[in-house]
Each structure stands twice: as C-alpha cells, then as structure tokens.
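Here come two complexes built around chain A, the first alongside chain B, the second alongside chain C.
Take a look at the complex of A and B:
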C-alpha cells in the first residue's frame, strides 16, 4: 500500500514539471516579444532594458524557466502587471470563491447524477430510464453559458428571486449565510448541469454492466431482495464512480471561466478573463498553474482512494 | 438483416453494412440527421435563402421582437435580421466546431497508431508526454492557449486541436496496442509487408471505426467550447455572425428582450443535441453488431 502511494506520488512529479513547462511556455505563444506584454508601447529603451533585466528576460529561455520554477516552488508567482499586487494572494482569494460554488455544484451534480443514473441502470428500458437518459442528454448537450443567461432571465429578471451578478455584500470576507448563498445558487446550478449529465451516463452504464455480471444474476436467482442486490452493486461500482466524480470536480474548478463571466462571480475564471484581456501574463500563468496543481493532486487522491476501495488496482 | 443469406461475403463488408442497417432503423438517428442536414444546408446556401445580408443593419429597426413583420425572428442590437444572422452564423460555428475535431482525428490517429504499433520505450515516452495535457482541465487548456495567443479564428482552432488531439491519441494507441500482437499482423509481416503498409492497411482499417465514433462524440463538446471562446471574445470577431458571439453581443438585451437574446443559444443547443444523438445512435449500432 505504502509503496503504491509512493509510486503514484513519484509518478506525478514529471507531470507537474511538464505542466509547469507548458504554463511557462504560454508567454511565448503570445504574438511579439514577451516584454511588449509588460512594458507600455511608448516606453523608452532604457526602461525596456531595465524591465527585461528585472524580469530576467535577458537570460536564455531554459535559465528563465528554472528561475521562474524556483520562485514558483516557494510560492512566489510574481507580481500582477495590472494591479501590482502579488499574484498568489489574488489567486487564492479567487480560488476560495470558485471552490465554494464548485462544492455546491458537485453536491448537486453527484447527488442528482447518482440518483438518475442509478434509476436508469436499475430499471433499464422503463419510462424512468427514458426520462433519466433524456435529462442526461440535455445535460451534456446544453451550452452552459447560455443556460446561465436563461436562468438569469427566469430567476432574476422575471421572478426577481435571486441576484444575477457578483458575490454579495463585501465579497472580500466570505460567509455561508443566506445573504451570500443567494448569490451562489445560480452559478452553482448552472455549473452542476454538465457533471449531472456525465455522471448520470457513467453511473447508468456502470450499474448496467455490474447487474449483468454472473454473481449478481446468481444472487437474484437465489431470491435476494433488491436492497441486498443494490448493496453489492454499490460496493462494486464505487471505485469506478469515484474516478468519474473526481474528474468532474476537477473540470468544474478548471472550467468555471464561462460561468463566472456570465455571473460576474469573482473566482479564478473571472480572474483568468481579466488576466487574458489585460495581457497580465504572471496572473495568467499563476492561475493556470494553481488550477492544474489542484487537478493533479485531486487525481492523486482519487487514485489512492480508489486503490483503498479496490485493492486489485494496486496490483495491476 | 440476417447474415445467413450473405455468409459467403467477406466479413469486413457486411460488418459496416450491418452497422448501417441497425443505424438506419434508429428513429433518433433519422431525426437528428434531418436537423443537421437542415442546419448544414441552410448555412451553405445562406445567400440564396436569406432576404437580408448578414451585416445589413438598420439603426431604426434595432431589437425588434420575434415575429415582427419582415423579420421573422426579430432583429439584433444593430438592427440586423436575426434569422439571417443565425443561418449565416452556422457557417462559422460549424467550421470552428468541426475543424479541430477533424484535425485532431487525423493527427491523433496517426500519432496513436504509429506509437502503439512501434511500442516499447517510444510509446511510453509519447503517452507520458500526453499525460501532461491530461493534467489540464480541457476548458482551461483551451482558454489558456487561445488567451495567450490572442483572439482570432485560427488561434481558437489551434487551441481546440491541442485540447482534443491527446484524447484521440489515447483511443488510437490502446486500439493499436491490442491489435499489434494479433496473428494476422505477424502473418502480414512474414509475408514481407513493410511497417507502413501494416499500419495503413491492417491497423488503420481495423481501428478507424471506433476512433471515428469517439471523434463524433467530441463534436458537440468542441462546438460548445468554440462558441464559448467566441462568447468570451477570444474567437470570432464582430461583426462576423457566430452563435456564441451573438449571445455575447445580445447580453445587454436580456432585460428588455429576453427571448430574442436567448435565440442563438437555442440554435447551439439544438445542433449540439443532434450531434450527440447521432453519435449515440452510431455507437449503439456498432455495439449491437458486435
């Protein structure tokens, strides 16, 4: 067990390094000299040179990367070009905001997905199955940013029940009271739609596959109740379902940009939008790096949990 | 169709014919196919169908309601006919939704098949390198790349191709790895076929079906993501008609003309459902056959 965990952690190291290289390379994908993203176009030559040296842009690229990485490891992701503040602080505040709606969305998505997928898998080809399958098709097909707009129209404009923008009074500090949760609901519901669709589909096919296995057919033949059969199905489905759920939570965190833009939710996605349009590369790189680290660590945790639930995974 | 009558025909031909027969019996395949044909045809023949031009606006006829005389679906924020813009918009949306998947299909299948066929250390290296792309949530990767490269259609297409290629490589590689130790590959090699011919004739023809079905299931995701990039201002630039961009430019109107401002999303939604239904029907036909 310990060896497996260690191996799995070691395996993540090259991936994290690869992610950092790709993130660092984002600057070089931009048209023109990276310095042009930092210095104003009319800056005098001396200022440009001084900036180049202070950002280390006069050194060869691999050296630049190593210097950047060395700083990043200690938590120094540089200073935002637009706001002049350290990038890490800004990202962590935004991260907590995204995490709060992502958590609500995960609960909704996982709960609903399990229910619909389980029902569809258990009662195959019934009308329940058809409804669940139809709902999941809608979930995976709907453009979620459009759904966000529609929900805004219905719940904010027409009914006036929920606010359509922002994170509530004094978005600096964060509280879990109704005054704030009110602002989370629309973005979180919108966010939950895609994972609900995908989890429903996966749970359905996993349940159907397990129900077709011989040991369950024999359990049923021996006259065991549906409840007992359900227990066996859950026991067998859990490791596979866990992998799907973990992936979806990671996608929620990384894919929040469209939803946060629609609802002006002050999370990482919104910050990413600002970073892109202000050409703020330290901020852009910082956000991408932090979100990917979260995703890699999440995958690691899921893998380890999976191997605890199903020790066969460790041996293969 | 039963296979008794045609049992002497080589298997490969009947396989696809049977899949097609099952596919054509599926009602949802017909409905979604019909919707897609209408959307494609109207986008292609837009100049002959529409009575307005896509850029032709009128300052006195802005944000007209759905059902206004002369404008069946109303007009947008610059007084341009909505129906015309939606029909023309299909051109761009379908183009940036399709092209990355097509490119990813070609590039990904090539890399996956060669890498899986060669095997060994090279394969491990290729697949480990691609694992790095899997550490990025796909929306984040698309936004980060096209954000860094700046707005534009080409940049969106490049970013989305980068997002979808590794996924196709994985499918192609696992299929190739399964097949490469089959006896008929050994037989082909013994008969003197070069690696290139084995990959092209034996591997490709056996794995292209599943990879193709997988690729079709990505089209709707890609289209929504591509329109999403335009919605953010990273893809198609105004005044070009594109569904995601239209949603964005109509956003200020959600308070006054909610139905009108939601229209481009409905188009996107219907197209996306149709693609998913079609891909599902195809996959079901293939799994029923085997």
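Take a look at the complex of A and C:
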C-alpha cells in the first residue's frame, strides 16, 4: 500500500507541473495584462512600463514562470498583483468557503444520488425508476445560474426564509449553527443539483448491471432476502460509484464560478473569476496549483478507498 | 398625603424613569446602513483606492481627506473645488510653477497623531519617490497618473508646503482631490501597507472598523472629524460587495441591504412599485464612439462624423435603459459651465443625417464601412451590447455599416492606450472605440482628448486629433488662474470638440441607486465622488 501511494504521489508531480505551465501559457497568450488591475486605464506608457519592471513582468515569460516555480516549491505563492495580499492566504480563505458549501452539496448530492440511483436500479422500469430518472435529467439539464436565481427569488425574496447572498457577518470562521448555515443552504443546494443527477444515473446503471450478474441470481436462488442482496449489490457497486463521486466532489470545488457569483459567495470560483479578469498571474497560478493538488489528493484518496473495498484493484 | 397616594406617586415616578431609560437606550442604538456595491472586492483601504473614480467614494474620501476636496454633498448643481486639508493655495507671483499651500491646523488622524506639513511630504514621497521607505507601488500606480504635473515638493514649516509643477499649470488644483493623506504614525507601527490596510488611519469622516476582503468593509463615524458640517449622519456604513446586478436586487428586496448602486434597468419599475426609491443624477460620464481622424479613416470626413451624431435617437437609448441615462449633447452636460455654445447642434435628425451623407458621397447603397472596438460589458460601459446593436442599426439607416470587434474591458483599455494609429488598432481596421469616459474635471473631460501632446503613447487622445489653435488655447487655460475665465476658455475647447464632431456622443450615465424606505436621505452629487456622510437612516 505504501509503495502504491508513493508511486501515485510521484505520478502527480508531472501532472501538476504540466497544469501550471499550461495555465501560465494560456494567461499570457490571452490579450490584456495585469497592469490594468493596478493602474488607471489611462495611465501613460512610462508609468505602465515602470510598473511592469517593478512587478517583474518585463522579463521573458519562461523566466517569470521559473521564478514563480522556485518560490512555489517552498510554499511561497507570492502576492496578488491587484490586492497586494499574500496569495496563499487569499486562496486558503476562499478554499475554506468553497469547502463549506461543497461539503453540504456533496452530502446532498451523494446521499440523494445514491438513494435515487439505487431505487431506480433496483426497481428498473417501474414508476420509481421513471421518477428517479426524470429527476436526474432535470438535475443535469437545468442551468446553475438560473436555478440559483429562482431559488433566491422563492426562498429569499418571496418567503424571506433564507438570505440571498453573502457568507454571513462572521464568515472568517466556521460556525455550524443555523444562523451561519442558513447562508450556505441556497448555494449548496444549487451546487448539489448537477452531481445529484450524474450520481443518480451512474448508480442506476451500475446497480442494474450488478443485478444482472450471475452471482446475484445465485444469491436469490439461495433464498436471501432483498436487504441481504442489497448489501452485496452495494459492496460491489461502491468502488465504481466512488470514482464518480470523487470526480463530482472535485468539480464542486473547482467549478463553482457561476454559483459563487450569483450568491456573492467568497469562494475559489469567485476568486478565480477575479484573477482571470485581472490577469493576476500569481493569484491565478496559485489557485490552479492548489485546486490541482486537491484534485490529485482527492483522486488518490478515492483510489485508496477503492483498493480497500476491492483488493483486486491493488493486485492488478 | 396618605399612604396610598404616596405609593401611587412612587409607582408613577418609577414608570416615568423606566420609560426615560428605554427611550435613551433606543436613541443611543447604533444606526447602520448596509450598502450593496457593484465591485468584486473592497477598493484598497491603504490610502489610494483602486477601482477607478468609483472606488474613492467607498474607501477614499470616507477614511481620508485630500488637500483640495471636491464639493460632493450637493446635488442640484455641479460641485467645485473646496478647501480640504489645505485652507489656502496660490501660485507664486514670480514663478508660476510653484504652488504654496497653507494647511489646516488642529486636524488629527484617527490614531490621534497630528496632521501637518511633514505628513503631506511623507505622503508625496509614498507615491512619488520609489526610494522612500514608505513607497507603495500599488498606491503610486493609482495616483501618479492622476497627479502628472508634480515635479517636486518641499516642506516650508509645519503648516506650509510648496509643490512645484513641471510646467505652469493653472489646472493643477483639479488633480489634488485624487491625492489622499494617510497617517505616517500609523504606518510606522508596522511599516507594512498590507497590515495598514486592515487598520488604516486618515483624517476622514469615517474610520475603518472591519475589513473582510471580497466581502465587506465596515466604516464607523469618526466623531472628532474636523469638518463639523460633514459629520456622518449614520453611525456605521457596511459596504458589501455584490458584483452581480440581479443578486444586488434580490439582496435589497429581501432586506439584506438598505441601498444598492447600479440596479439593472429592467428591475427599476418593480423595485419602485415595491416601495424602493430611485436616486440618480447627471454624472460626469459620457458614452461615445471616439473616432480616429488618422489618414485612411472613414471618419476623416466631418460630414460623416456629423451625420453619425444626427442619426442617433438618444431618447430611444434612454428608454432602452429604462430612464437610467440622460441624452448627451456633447462631451459634458448642457448644465456644465464648460458646455459653451457649439454651432453644431447634436440632436436626432435622420433627414439631415442622410443629406450630409449624400453630400459626402455615401448612402445605404454606397455605405461607409467602419470597425468599432467595444467591450462586452464592465464598469462604465452601461448596457454595452444592446446599446451598440442599437447604434449599429441606427447608423445603417444612413449608410454607415458598423462591424464590431468585441473584447473584454481590460483588453479594450490596452487598445485605448495604444491609440488609433498603433498596429493593434490600425492593423485590424479599427477606426473607432466605444469606451465610457469620466468627464469630472477639465483634464479628464477635454484636455486629454483635445491636446495634441496627449496623442498615444503620451496619453489618450485616441483619435490623433491635432489642432494648433486648440493646443494654444489649452496653453492659455494652463496660465489662467481666474476660474470664470478658465471656464470660458474651456467652453471654447468644448465648442471646438462638438463643432468638429470628434465623437458620437450618445448618453451620460446617471449613476442610479435604489434605496430602501429606511434610508431617509442620500445626497447624490453630480460626480463619481459621492459623500457617504449624507446617508441618513
């Protein structure tokens, strides 16, 4: 197991390097420069050039990348060009905000997805199957932005039950009482919709496929109850479902720009959006690096869990 | 008096006392206004805000003061330069490049230290001397382009400072509302501008109580503010960043905020019918097409430029914006003292436009083809895409076929700085640019577009306009210290600008705000600088 984990960690290094190079290159290829974020639009050319020199932006792109990398490997992700605040601090704060709603969204998405998918797979072609499939279709088809606004109009504006935006007055720390959780509910529910749909469909097809296997037929022939058969189905389905769940959680952490904008939720998506528009290279690189590392670690954890659940994976 | 009546009297006295206590507790409760702003982050709080002119109203003129201020607490006329931390300023009789400033006495920073000439000198070093310990590149980047005239400065004594300009420039005082004074004492506690930004100290009517980046800034009233006529009328102003327009509307409707800026036009009627109040005012901002007058440009013919101006139904654009705009008849509003009396009247006259095009040899069958670079959206661009589509359709009616190059706003600024002759624009056939212009002072409104010395890369005279008569007039303005005479000359510059139809002027922004009924007062100035001390709950 240790060697397996070590090998996976070593494999991740070139992946992370490759992603950081690609991101750096793409941002430089896009028109515009970060000086626009710190100087007025009509700043004269000599002011712009002086700023570029002071921020090291006059150096060749590969040199800028290597200088950034040299600091990044020591944990120093530099400072944001636009705000002047340390990048690592900015990202960790944003990351914690996204994590809080992603946790709730994961809980909802995975829980509902398992339930609906399991029901649909177990009771194939029944009315339960049709309802679950219909709900999953809605989940993957409805646009996030629109859904977020509709939920806000209904639950915040009309009913006044929940706040419409923001992370609350004490957003700097985690509080798990309702006064703070209520700010997370609408963004988390909105976020959970797509993963629910995808996990439902995945679980349904996996469960249906397992139910058709011969060993399941033999279990039923031996007179085992539905509940016992279900346990065997879950045991066999879990490794495959975990892979889907891992992808969805990764998506929740990184793919939340629209939701965080609609709800003014100060998470990584929101920060990434700002960094892209401001061409804030240190901030952008830092966010991509952290998200990439998170994704790699998450996949590693999922792989380990899969190996534990199904030892055949490790042997192969 | 018997026992019963004594007891009754005591009881009554106790009741009265309790009521008094309750009233006094209620009246001492803090008044709070929550203001939803359209920015994605709180503007910098270290002294010189970013996010353009709009940033100054939030974390500039709230926490800090300039030497010369702008009168931002009136709404029924354009403001003017007024005394700030300087009580007097005048140019030297012998050397017109030297300005003498007399500083206000008895002013304290929020941290209790005294404001004096040393503090002014220190702040000038902060943004102009990159060798100084307190130099901050970010603040310098924001304000240096706005105080381009300063060559040097020296402290005379505790209450006087001299600033020397590069050339004689009577317009120099207009630059100083942008330059704000932060506390050297407070900075010296940490010598770190990042830490300072969380506990800043200025002389302004508000202190920063709490800063949560990208979420909120809480400003509290500074009771010892030196200008007793501008003490904040609300104890606490909470600025909340809500960049999405619909989210701002929802936050207002569900009571999470008490006022918002920039509501989307199609939400205004619904908000008004729900009891919210719309406040807007003429604002020094114009939405134009700025033409290239370089050789080869289709806009070189003045008849074509004038025809383009006559082809636009500005009232229809205002209707498209649901009333959140005002028709533009020039670079500045007609009520502005610099408007003057141009010979060319900007109005909607399709027949006259077609006639001019015919004279120039064009028509719908033989159209002018031009490419205009526009932004998808962004600050100052109003409803960029629908408005530009309207322009395209309107100009097509008179035989001007417009093709758009649509870019992000940050990219548009790059094209703007490069000028129309640069290959970045000329190489792509771009002959006009659509960018909202701030027109708050003579330089921003007129000089930077009309003076040939500001042709790119030296400035933003994007079209390459060069008129020696106007250049001389601007030189004359720079040596005219009488404000009324100055206004007269500026009016002449504006008249030339309109008569030459340098741009198609479409509308002025009105900087709309929606207020909840709980907000009793908000005075909106005819400027991007707003005075948040006027907000009353």
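General observations
As a convention for this text, the second predicted complex is superposed on the first by the 278 of 316 C-alpha atoms of A that agree within 3 Å, B and C clash if a C-alpha of one lies under 4 Å from a C-alpha of the other, contacts with A are read in each partner's own complex, and residues count from 1 in each chain.
One rule holds for everything that comes next: contacts are C-beta pairs under 8 Å (C-beta built on N, C-alpha and C of every residue); 3 or more make two chains touch, one makes a residue touch a chain.
Everything numeric here is computed off the predicted structure, so don't read it as measured data.
Applying the stated contact rule after C-alpha superposition, one finds that A:263 touches chain C and leaves chain B untouched. In the superposed model, A:292 lies in contact with chain B only, and not with chain C.
In the superposed pair of complexes, A:277 makes contact with chain B and with chain C alike. By the touch criterion defined above, A:84 reaches chain C but does not reach chain B.
Contacts of A:31 after superposition on the shared chain: both chain B and chain C are touched. By the touch criterion defined above, A:153 reaches both chain B and chain C. Once chain A of one complex is fitted onto chain A of the other, the partner contacts of A:43 are limited to chain C, with no touch recorded for chain B. With both structures placed on the common chain, the touch criterion links A:250 to chain B but leaves chain C unconnected. Overlap of the chain B and chain C interfaces on chain A comprises residues 31, 149, 152-153, 157, 261, 273, 277. Residues 40-41, 44, 50, 52, 130, 137-138, 141-142, 144-146, 148, 193-194, 197, 212-216, 240-244, 246-247, 250-251, 253-256, 407-408, 410-411, 413-414, 416-417, 448, 456-460 of chain C are the ones touching chain A in the complex.
The part of chain A that touches chain C in the complex is made up of residues 31-33, 35-45, 47-48, 51, 54-55, 82-86, 90, 93-94, 149, 152-153, 156-157, 160, 163-167, 171-172, 261-264, 266, 270-271, 273-274, 277-279. Of all residues in chain B, only 128-129, 131-133, 135-140, 143-145, 147-150, 220, 224, 227-228, 231-234, 244, 247, 251, 254-255, 258, 261-262, 264-266, 268-269, 272-273, 275-277, 280 touch chain A in the complex they form. Interface residues of chain A, counted against chain B in their complex, comprise 14-16, 18-19, 22-23, 26-27, 29-31, 137-138, 140-147, 149-150, 152-153, 157-158, 250-251, 253-255, 257-258, 261, 272-273, 275-277, 281, 284, 288, 291-292, 295-296, 299.
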